[in-house]
Structures are given as C-alpha cells and as structure tokens.
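Presented below are the structures under discussion, each in the form of structure tokens.
Shared between the two complexes below is chain A, which has chain B as its partner in the first and chain C in the second.
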Partner chain A sequence: MTEPLVRPRRKNPLARTRLPTLPPQWRSRTSHELTRAAAEGRFALQCCAACGHFTYPARDACPVCLSDELVFKDAPHGGTVLSETTLHIPADVYFRERAPWRIGLVKLDAGPTMVAHLHGDSKEGDTVRMSLQIDKAGQPVAFAQPQTETPHMSDDKQWREMTADPKFRRVLVTNGRTVIGQEVVRAMKEAGASIIFVGIADAWKPFPGEAALRAMEGVTIVPLNTADEKSTFDLAADIGAKIDILVNTSEHIRGGGLLDRHGTSTSVDEIEQSYMAFLHLAQAFGPVMRMRGADGVNSAVAWVNILSVYAFANWPQFGQYSAVQAACLSLSQCLRAELRPGGVRVMNVFTGPLDTEWFQTVPPPKLAPRVLATGLVRGLKNGLEDAFIGDVAEEVRQRFAANPKALERELGQ
Partner chain B sequence: MPGSLRRPYDRIVVAAPVTIPYARYSIKSAHWWIGRALKALTEAAGITVRDIDGFCVSSFTLGMDTGIGLTQHFGLCVRWLDHIPLGGASAIAALRRAARAVEAHDADIIACVAGDTNHTDSFRRTLENFSRFSSDAVYPHGAGGANGSFALIARNYMRTYGVKREDLGRIAVSQRANALRNPHALMKTPLTLEQYMAARPIADPIHLFDCVMPCAGAEAFLVMREETAKALGITGAKLLGTIERHNAFGNDPMQVRGGWAMDIDDLYGMAGVKPDDMDFVQTYDDYPVISMMQFEDLGFCKKGEGADFVRGHDLTIDGDFPHNTSGGQLSAGQAGAAGAYIGVTEALRQVLGTAGPTQVKNAKIGLASGFGMINYDRGLSSGAAILAGAAS
Partner chain C sequence: MDKSPLQDFAAAIASGKVRIVDLTFTLSPDFPVIVLPPEVGQAMPMRIQRISRYDDAGPGWYWNNITLCEHTGTHFDAPIHWHTGKDLPNNAVDTLPPQDMIAPACVIDCSAEAAKDADFLLTVPMVEAWEAKHGRIPERHWVLLRTDWSKKNFRDYANLKEDGAHTPGPNAEVMRWLVHERGIIGFGTETIGTDWGQAFHLDPPLPAHHYLHGAGRYGLQCLCNLDQLPPTGAMIVSAPLKIENGSGSPLRVLALVSN
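Moving on to the complex of A and B:
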C-alpha cells in the first residue's frame, strides 16, 4: 500500500537547496517516437506493417520478418510482471539519490517484454497497466502500475517523479480575472494544491467572480500584470522561490485576419498580452524554478501554457491570434529546453474555441472553461507534455498529424 | 554420445597463457595493459613482435581505437586481424577464429589479447554507453547496469527452480577460497557463507558478494599449429572442441538458460569426451547464478538441478569439482574484456601443469566457458572450449 504523502513543513531558510540531477538522457532517434506518445499520454509501440508483430525496444527492422515498415501505434497496455528488483546502489547520481528504486520486467499483452519503473503497489506476478511517461530528463520511460486504483496511488514516490501532481504544491495562476483563471484555481484546489497565488492586474477594477475567488481558502491574490515587465519581475522577487507550478492563463483573444484589420494597434496589443507576457513570465520565474527542480515534496515541477490548437495551423478567422499562439508555442519549446536541466516540465494545453465571450460568434462545439481546467490538472497528474483538451483540439491534432496541408486549406475555407 | 559434423581441430594448440596482474584502478590506458600482455606473450614464447602474424583484441576502453590502430601502436605487421566486441564471450570467440585461421595457414602465430583499464569513472561510462537497446530501454530505468538486469534474471531463476541464496553463496565462497591461493587475486581475505549472506543488498537478490569488482588488467594467449609450437620449443594445450552461439532461445520470456544448452552435444561430440571427464571447469562468473546456469547448460547436471549440484559438490581446487580455480572474476577481479579470458588462461595453466599454487592435481582436461553482452534483457553470447594437456 502506498504511504500517503505528508504535507511538507515550511522550508528551513538556512538549508541548502538540493540541486536537480537528471536520469540518463540519451535516446536513439527511432526511440523518440516513444517520446511523442509519452508526451500525449499514449502507450504506443512499433508494430510491423508487414507481419503485425509488436516490437520493443525501438528497432529499425522487424526481428520477425526484417521489414522496415515499423509503425508506432497504440498498443494494448496490459502486462504481467515476470520479475522485479529493488536497486539499492544505482550507478547514476539521480537514481542513487532516490534509491531504493524498483524496476520490473513486464511481459506485455502485446508480445514484447519491457523493463519498467514499478509502482509500489505492483509486484512480481501481478498484472499491470503500462504507460509511457516523460521522466525528469524529458525522455520517455516505461511505467507499470496496478490495473485498478489503490489507496493513495498517486502519492507513490516513483510515480510522483514522472508527474507534476498539484498535491501539496504551490501554484501561481497568472490571471484570475477570467473564467478560465478562476476554473484553474478551483481545479488546483480540488487537486490538493497547498497555496494558490492568483495574479490580478489593476486590483481596483472589479471583475466577475471576484468575491468567490477572494473567499476561497488557500488563495492569495497577488498584483500581476504580465504584459508589464516590471510588475512581473516585482512579483517574482517576492514569491518566485515559492512557485512549484506556474499556469500561464494570459488570455487575449481578438477575431480577424490580416487584410481586413486596419492598423497595427490591435496586433501590438495581442503580442504584448500574449507573447510578451509569456516572455516576461519566463524570464522572471524560469530561472528560480529551474533551480528548485529537486527541492523536496513541493519542488518546482511544471510550467503550463494554455494555447490554441490553431498554433499548429492558422485559422484565418482568428488569423493574427493564431499567429501569436504559434509564436507562443515556439517559445514554449525554447522554455522547455531551458527548464530541462532543472527537471521542470513544460506542459502545453491545447484547446479549440472556448465557451467564452471572445468566441461568441463561433458555432459549437466549444470548450467549457471547467472542462479545460479539469483536463489541465489531469494532464499534470498524468505527467503529460502535450494535452489536447476537447473534441476540436483532438480533431485538429489528428488532422495535423495526418496531413497538415489539408488542415491548412480546410481552415481557410 | 552424439558425434559432431564439424571438422575436428587439426593439431591446434593454445600456448603462453599470460595474466598481467590486476589493479583496482589504473591511470594507465587500455593500450598500456594490452602492450604489457603482448610483451609477456613474446617473452613466454621466446619470440619477437615480428613473429606474430595474427592479432585479435578485445577491450571496452580503447576509446576510438580498434585492432587496426593497435597494429601501428605496437609495431605489429600481421596478415590476420580481428577485433571482437563480445564481452564475456570474447575469449572463446577469439580462440575459435584464431584456431581455424592457423589451421588454414592464414596465419602462423596469433596473439589473442584482452585488456582494459579502469579509471574511477570508466565503469559508469561503459554502463551508460553499452548498447542502443540498453540506452533506450534499460539504463534510464534505475541505472542499475548489469546488476539490475541480472537481478531480474536471478530472481526469476531462483523462484522457478527453488534456488536459495545460500546455494549461490557456495559458489562465491568456494571461489574466494581458491583466490586466496592466487597471489594476483584482488580479494585477499577469506569469505564465509555467513558473511556472504549478511552482505548489503545491491539489487535484490544480488548482494555485494554476488558482484565482481571492476578493475584494470590484461590476459592473453597464443594460438598456433602444433608444429609451430614444437619449432619454438614451447608446449601448448590441445584444442579439442568449441561452441559459440548468439541470441539463443529468443522466445524464452526470461533467460533461464544460455546458448550452451543448444550446442553442448556438439561441444562434447567434437571433443570426443563427456562432462564427467573434465578435471576442472572454469565458467564465466559475472554472477554466481550465471555459473550455476552453466553447470546445467553445460551438462554437469539437469536444468533445475543446479542448486542440488552445488550442495553435493566441493567446488574448491582440492574438491571433487574444481571450479574457477583462480578465484574467477568474483574474487580475482573483472578486468573488462579480460574477464572473458581469465577462465581460458587459467584452464591453459591447469592442463599445462603450470598453475602453481592453484594447480588441480593431475588436471589433464578441462572446460572454459564464456558469456557476454546483456544487450537488453538477457546475455546474448555464449561459448565454451575443451582444452587438454599434451599428455592426454
């Protein structure tokens, strides 16, 4: 049975902050297909198009028929633990600091055997549910856990290394004025976040939901205007070292494409409120989060961006908005690479049109802010890197993967 | 005893077993260790480097060099060259290839050498970069290295066949007793079964005394035709039979046997002998459990009877089943790829009667085996050779 996590005590300010170390990072290029699956929370393995056998580890020819048509596809995620071991003296610093560490050899229902990290409630002989996870190094690993829920299952020490569970963590929601910001606060609270800092710009201006937000226990309102560099750096100087999960809820949606919009002031605004805001946040909060990647139970663990799925392909009806979102997506990849040495993950949550006033004219389906917030937290709990939430986002993901050109044409019609 | 369709070795001898005494850590390069071994070979055979016309090398720590770089490094001008990256199976593979080469007169005197250095970070580096499957799918899961992988194999094997840690302890304890008679062994203090059982866990069920100590060192021998040896005035051991197998039993979900089990009829058939005829056995002992697996797969007992076998035999030099008489890798040290050779050079000394303090009385014929390369979830390469003294 999993020992429940204990709420961490206040950190001794004199204690040294333990520096982050990372698990082994090298992977073959072929293996990065597993990275893609793990990022989206899918369990995919190579399957031979010629003979149908699943293979693992990643190969460049099928060991049954030598075909090179090995396609990664979703595989049955059941398996049985054939053998297990507890590593007491691993060879590498990251694991040595975390020893004892359990691994197992799992016979997959799909065929191959897989070396996997083993959840504390799974042992030799058990049937398990397999998943691919992104580890602290940002690389794919296999994880075996019980097929059915066990008490405090998500508190498992090894599982928590693979995830960014908000439980007992301190969160900054950068904009609490919007429904989305408020729903994220609510979902974080439900997930057991210990403190939720909520950024509010121009606090003298009232906003809908303000009373409920202020009344919520564990919520601390902080002054933050992310479009303003000084405001962002001032807040980071104050609470930067306490932020374990940062959710960038900056939101600035304006309709319109390129030729029918006159002047650039709206566009400049879009860039400042989204792209520049992200940049300010990253420069202000990124360095200290990277330092605190291994700082105990409430270490810095994740940076979350809420992005439009039209960052992948431009939707001309919201053409400039799509372009700024694409810029933010690109910047998030830079941030991801730069936070990696700290073991801090960047999760991008992709959505289609939201059920908010700025998408008033767009026909359904539209994503309810509550569904977005719940999906965001679920993504953190499962350790995702790319979370596509809602039917539109999922459809655009699939269409982009299938044929980006077709997607571009059809969005333009 | 079934025969073998393979052509018997035609008066092929293996001579001049060389061991460069091991060091736990060395600031020297692998090249230095291999160079010392080559020098020792020439001295043992009374030849010069120019008489060597075939060269085979195995090493994990040569950096960017392979066999060809070493020819220039050591002033070798050879007409046959091989570089064998088979880890613990390298010595048997080297022996087999060299034997056929001298038999066919492709070369006359082949130096087979394995050597590695051990800097303080060498072992971890070797683990990190061992193979693509390992880097992709094993090492990131706990970085247990060979200990983690063999722990999974050992635990399954022990459960399947009812093997207890005490049974594996008998192998380790006997080898330590043997090592105390080998002045070059790194382990110099006695080991009791109680100490073995009380050792700290490394990767359950692997505990401290199940593990080899990585070190620097080199081992080597010469392969030639009997007539060449005679002309040089040296005595070699006769090569009677060999086997080699890679990636055997790939459909076994977990490794409980090695490729030997596939080929032993061929091994004994070619040599015209049976397991009972062996005066000693040198198995590849990266872990005692692997030695036990070999007792079964090499025909000394049936599969699943390894524990009974070790309970019923004395594995020390003076016992009824002398095993790893130099102390093996477990007690003499694992000098990288030279770990593949330690059993072969010791076997040669035994049948040549030059083993000195570790000599088994009247040892005339014996077996040495190899096992290597845990690429993903199992050791892939296996091999064995039967060697006999001149008088047999």
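Moving on to the complex of A and C:
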C-alpha cells in the first residue's frame, strides 16, 4: 500500500536547497519515437508491418521475420511482472539520492519483455498497466503500475518522479482575469494544490468573476501584468522561490489575418500579451524554478503553457493569432531545453477554439474552459509534455502528423 | 544691461515669489489608460524596457526604451485628434504654435460636488456662478476643472462599472459655450479624458473633444495638484513632444503660481 503523502512543512529558510540531478539521458534517434508517445501519454512500440510482431528495444529489423518495415504504433498496455529488483545503493547519483528504487522485468501482452520502473503496489507476478513516461531528464521510460486503482496510488514516490501532480504544490496562475484562468484555479484547488497564487493585471479594471475569485480559500491574488517586464520581475522577486507549478494563462485572442487588418497596433498587442508575456515570465521565474527542481515534496516541477493547436499550422481566419502561437510554441521548446537540467518539465496544452467570447462566431465544437482546465490537471498528474485537449486539437494533431501540407491547404480554404 | 521682464521672472523663481507646481502624474505601467470596447484599437499603456543598467548590456550606463500611446498618462490633445478638427491648419502637435504652449488658467473648483456624485456634470450656470465671484473668463485662457479625482486610488480613479466609466466632466452646452462664447484656449481635467465618464451618451457624444478640437483648441487630462492653484492667475506651461503629425502627447505640465 502506498504511504499517503504528508503535506510538507514550511521549509527552513536557512537550509541548503539541494541541487537537481538527472537520470541517464541518452537515447537513439529511433527511440525518440518513444519520446513522442510518452510526451502525448500513449504507449507505443515498434511493430513489424510485415508480420505484425511488436518489438522492443528499438531496432532496424524485425527479430522475427527480418523485415525492415518497423513502425511505431500504439500497443496493448497490459503486462505481467516477471521479476523485481530493488536497488539499495545505485551508482547513479540521481537514483542513489532516491534509493531504494524498484525496477522489474515486465512481459508485455504485446510480446516483448521490458525493464520498467515499478509502482510500489506492483509486485512480482502481478498484472500491470504499462505506460511510457517522461522522466526528469526528459527521456522516455517504461513504468508499470497496478491495473486497478489502489489507495493513495498517485502518492507513490517513483510515480511522483514521473509526474507533476499539483497535490501539496504551490501554483502560480498568471492571469486570473479570464474564465480560463479562473477554471484553472478551480481545477488546481480540486487537485489539492496547497497555495494558488493568481496574477491580476490592471487591478483598477474590474473583471467578470472577480468577487468569486477573491473569496476563494487558498487563493492569493498577486499583482502581475505579464506584458510588463518590471511587473513580472517584481513578482518573481517576491514569490519566485515558492512556485512549483507555473500555469501561463496569458490569453489574447483576436480574429483576423493579414490583409484585412489595418495597421499593426493590434498585432503589437497580440505579441505583447502572448509572446512577450511568456518571455517575461520565463526570464523572471525560469531560473529559480530550474534551481528548485529537487527541493523536496514541493519542488519546482512543471511549467504549463496553454497554446492553440493552430501553432502547428496557420488558421488564416485567426491568422496573426496563429502566428503568435507558433512563436510561443517555438519559445516553449527553448524553455523546455533550458529547464531540463533542473528536472522541471514544460507541458504544452493544445486546444482548438474555446467556448469563450473571442471565438463567438466560430461554430462548434468548441472547448469548454472547464474541460480545458481539468484536462490540464490530468496532463500534469500523468506527466505529459504535449496534451491535446478536445476533438479539434486531437484532429489537428493527427492531420498534422499525417500531412502538414494538406492541413495548411485545408485550413486556408 | 536693461532689466527685462525675464530677469524679473528668473529672480521671482529664485526667491520663491513664483512657485512652480507640477500638474503631472508619473508615467508608470500601472497608470490607467482610456478603456474602449476591446474590438477597436487600444491605447498602449506605458511600457519600460531596460536597455542596460550598468550591466553586460551597457557596463557604465542605465537607460530604457519606452513605448506608449500619444494619449497615455498626463497628456495633451491636439485638434487633429478629433474628426471635427481634422482639416484645421496647424492642428497637430508638431505644427502647434509655440505661443499656445504657455497660457494662463482659470481653475473651477468642483471638488465638493464631485465627491458627492461621480457623475457630476459641469454646466453653464455653474461657470456663470464662478464668473460672478472671480470675473469673466478671458479669451485664450485654459479652464481647468478641479475635482480632486487625481487623489483617488487607480481603481476609483478609473471607476469602471457594468455600464462603463463614471467620472465627472462637462456637459455639451458648457463646452460649446466655453469655446464659442468665452474663446478659451483649452480645457483641462484630472480624469482620464477631458470628457465626462458617460459622455458617449451626450449630444454630441464626447462634447469636450467635439467643440474644443473643432475650433482648434486643446485638451489636457490626467492632471493633478489642481488644488494647489488659485482660481485665477496661474500660468500653464504645456509643451507637447514634437511628434510628426501627432494627435497628442504625454508631457510635463507645469503651473507657475505667484505667491
């Protein structure tokens, strides 16, 4: 049975902050197909197009029929633990600091046998549910957990290393003026976040939902205008060292492409409110979060961006918005690489049109803010890196993977 | 050497006989700007981006880039700002006659009325009552509306409600009257605009802008320290930046007051 997590005591401000260490990092280029699957929360393995056998680890030819037509595809995620090993004094610094650490050999229902990290409730002979997870080094690893829910299952020490569960963590929601920001606050509260800081820009301007937000227990309103450099750095100076999960809810959606929009001031606004806001946040909060990646139960663990799925391919009806989102997606990859030494993950949550004011004229399906927020928290709990929430986002993901040029043409019609 | 009026003036400043009152708010990113429906173009608030601060980007010096709207912070409105003044000669801040940048002011104190009613409207009879006490408003004078609005916190200062801004200002008739019957050079307020908070509903909408700029006159807004000015006799120095074809400009507004 998993020991339930205890709410961490306040940190002794005189204690040294332990520096993050990382598990081994190298993977082959082919194995990064596993990275892609793990990032999206899928369990995928190489499968032979000729004979249909799954194979692992990644290789160039099918070990059964020698065909070289090996493609990654989603595999059945059941398995049985053949044997388990507990590492008491590992040679690797990351694992040594976390010892004892349990791993096991799992015979997959898909065929191959895999070395996997074991959930504390999964023992030799048990049937397990396999997943690919992104570890602290950003690399895909196999994880075996019980097939059915066990008490306090998500509090498992090894599982928590693979995820960014908000439980007992301190969260900054950067913009609480919007319905998205407010729903994220609610979802974080439900997930057991200990403190939720909520940024409010231009406090002189009232906003819908303000009274309810201010009345919410466990919520601390902080002045934050992410479009403004000084405001962002001032807040980071105050609370930067307390942020375990940062959810960038900066949001500025305006319709329109290039040719029918007069002047550039709306575009400058879009860049300021989205791209520059992200950049200010990253420069202000990123360094201290990276430094706090191993700071106990409530260490810095994740950075979340909410991005439009049209960051992948431009939707001319919201053309300039799409372009700014593409810039933010690119910046998120830079941030991900730079936060990796701290073991802090960057999760991008991709959405289609939202059921909010600025997508008023767009026909359904539109993503409800509530669904976005709960999907975001689910992504953190499962340790995702790329979460596609809603039918539109998932459809665009598939079309982009299949043929980016076709997607471009079709969005432009 | 002949003693010129300017030498007397310099001596008066040095001796404190002439006091200088700063009527300007600090240009900060937090200062409220005019709020319009979000689908139309917006005024950019003050943004300050550091270039260097004795660091690797400039080891020995500190400086910033700034971006802001022509109508951010304490600012000047030129006639070209409004459709009524668009065809007038010399209607932009770069062609504004320099002699218009220094002019005397009449200060109408409505702070008691504004304290009671955020929707306080200045009317002709009120200005006539002021004239009965202080004399007729001379031509080419500024009329400054003192409401003590500048002393409020930013939220109360903007005072945005469900139906928009609620801040004191002039009605339509008093603006027509001040411009055409009194020939004022301009009208100044402590609030975010020269017009009343709900002035979209007046006839014509936004009458201060309509009448002032239509007659080639000016606006000053987001003023402070009007409580330090006498009803008459203060001299206003308001020189906007020389922005090419600029519709207005943030500026430092100074009042010279004789002690």
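Basically, the second predicted complex is superposed on the first by the 413 of 413 C-alpha atoms of A that agree within 3 Å, B and C clash if a C-alpha of one lies under 4 Å from a C-alpha of the other, contacts with A are read in each partner's own complex, and residues count from 1 in each chain.
We take it that a residue touches a chain if its C-beta (ideal position, glycine included) is under 8 Å from a C-beta of that chain, and two chains touch if they have at least 3 such contacts.
The structure displayed is predicted, hence computed values, not measured ones.
Of the two partner chains, neither chain B nor chain C is touched by A:Thr35. Shared-chain residue A:Gln317: touches no atom of chain B or chain C. When the two complexes are overlaid on their common chain A, residue A:Gln147 makes contact with neither chain B nor chain C.
When both complexes are overlaid on chain A, the residue A:Asn225 reaches chain C alone and has no touch with chain B.
Once the two complexes are overlaid on the shared chain, A:Asp269 sits against chain C while remaining clear of chain B. In the superposed model, B is the one of chain B and chain C that contacts more residues of chain A.
Of the two partner chains placed by the overlay, neither chain B nor chain C lies in contact with A:Thr127. In the superposition on chain A, contact is made by A:Trp204 with chain C only, not with chain B.
The residues of chain B lying in touch with chain A in their complex are 123-124, 127-128, 132-133, 135-145, 147-149, 151-153, 155-156, 159, 200-206, 250, 253-254, 376-377. Here chain A touches chain C in the complex through residues 202-206, 225, 227-231, 263, 265-266, 268-269, 272, going by the rule given at the top. Interface residues of chain C, counted against chain A in their complex, comprise 29-30, 32, 35, 41-42, 44-45, 47-50, 153-155, 157-158, 160-161.
For chain A in complex with chain B, the residues that touch the partner chain are 23-28, 31, 56-58, 63, 82-92, 94-96, 101-105, 107, 113-117, 124, 135, 137, 139, 141-142.
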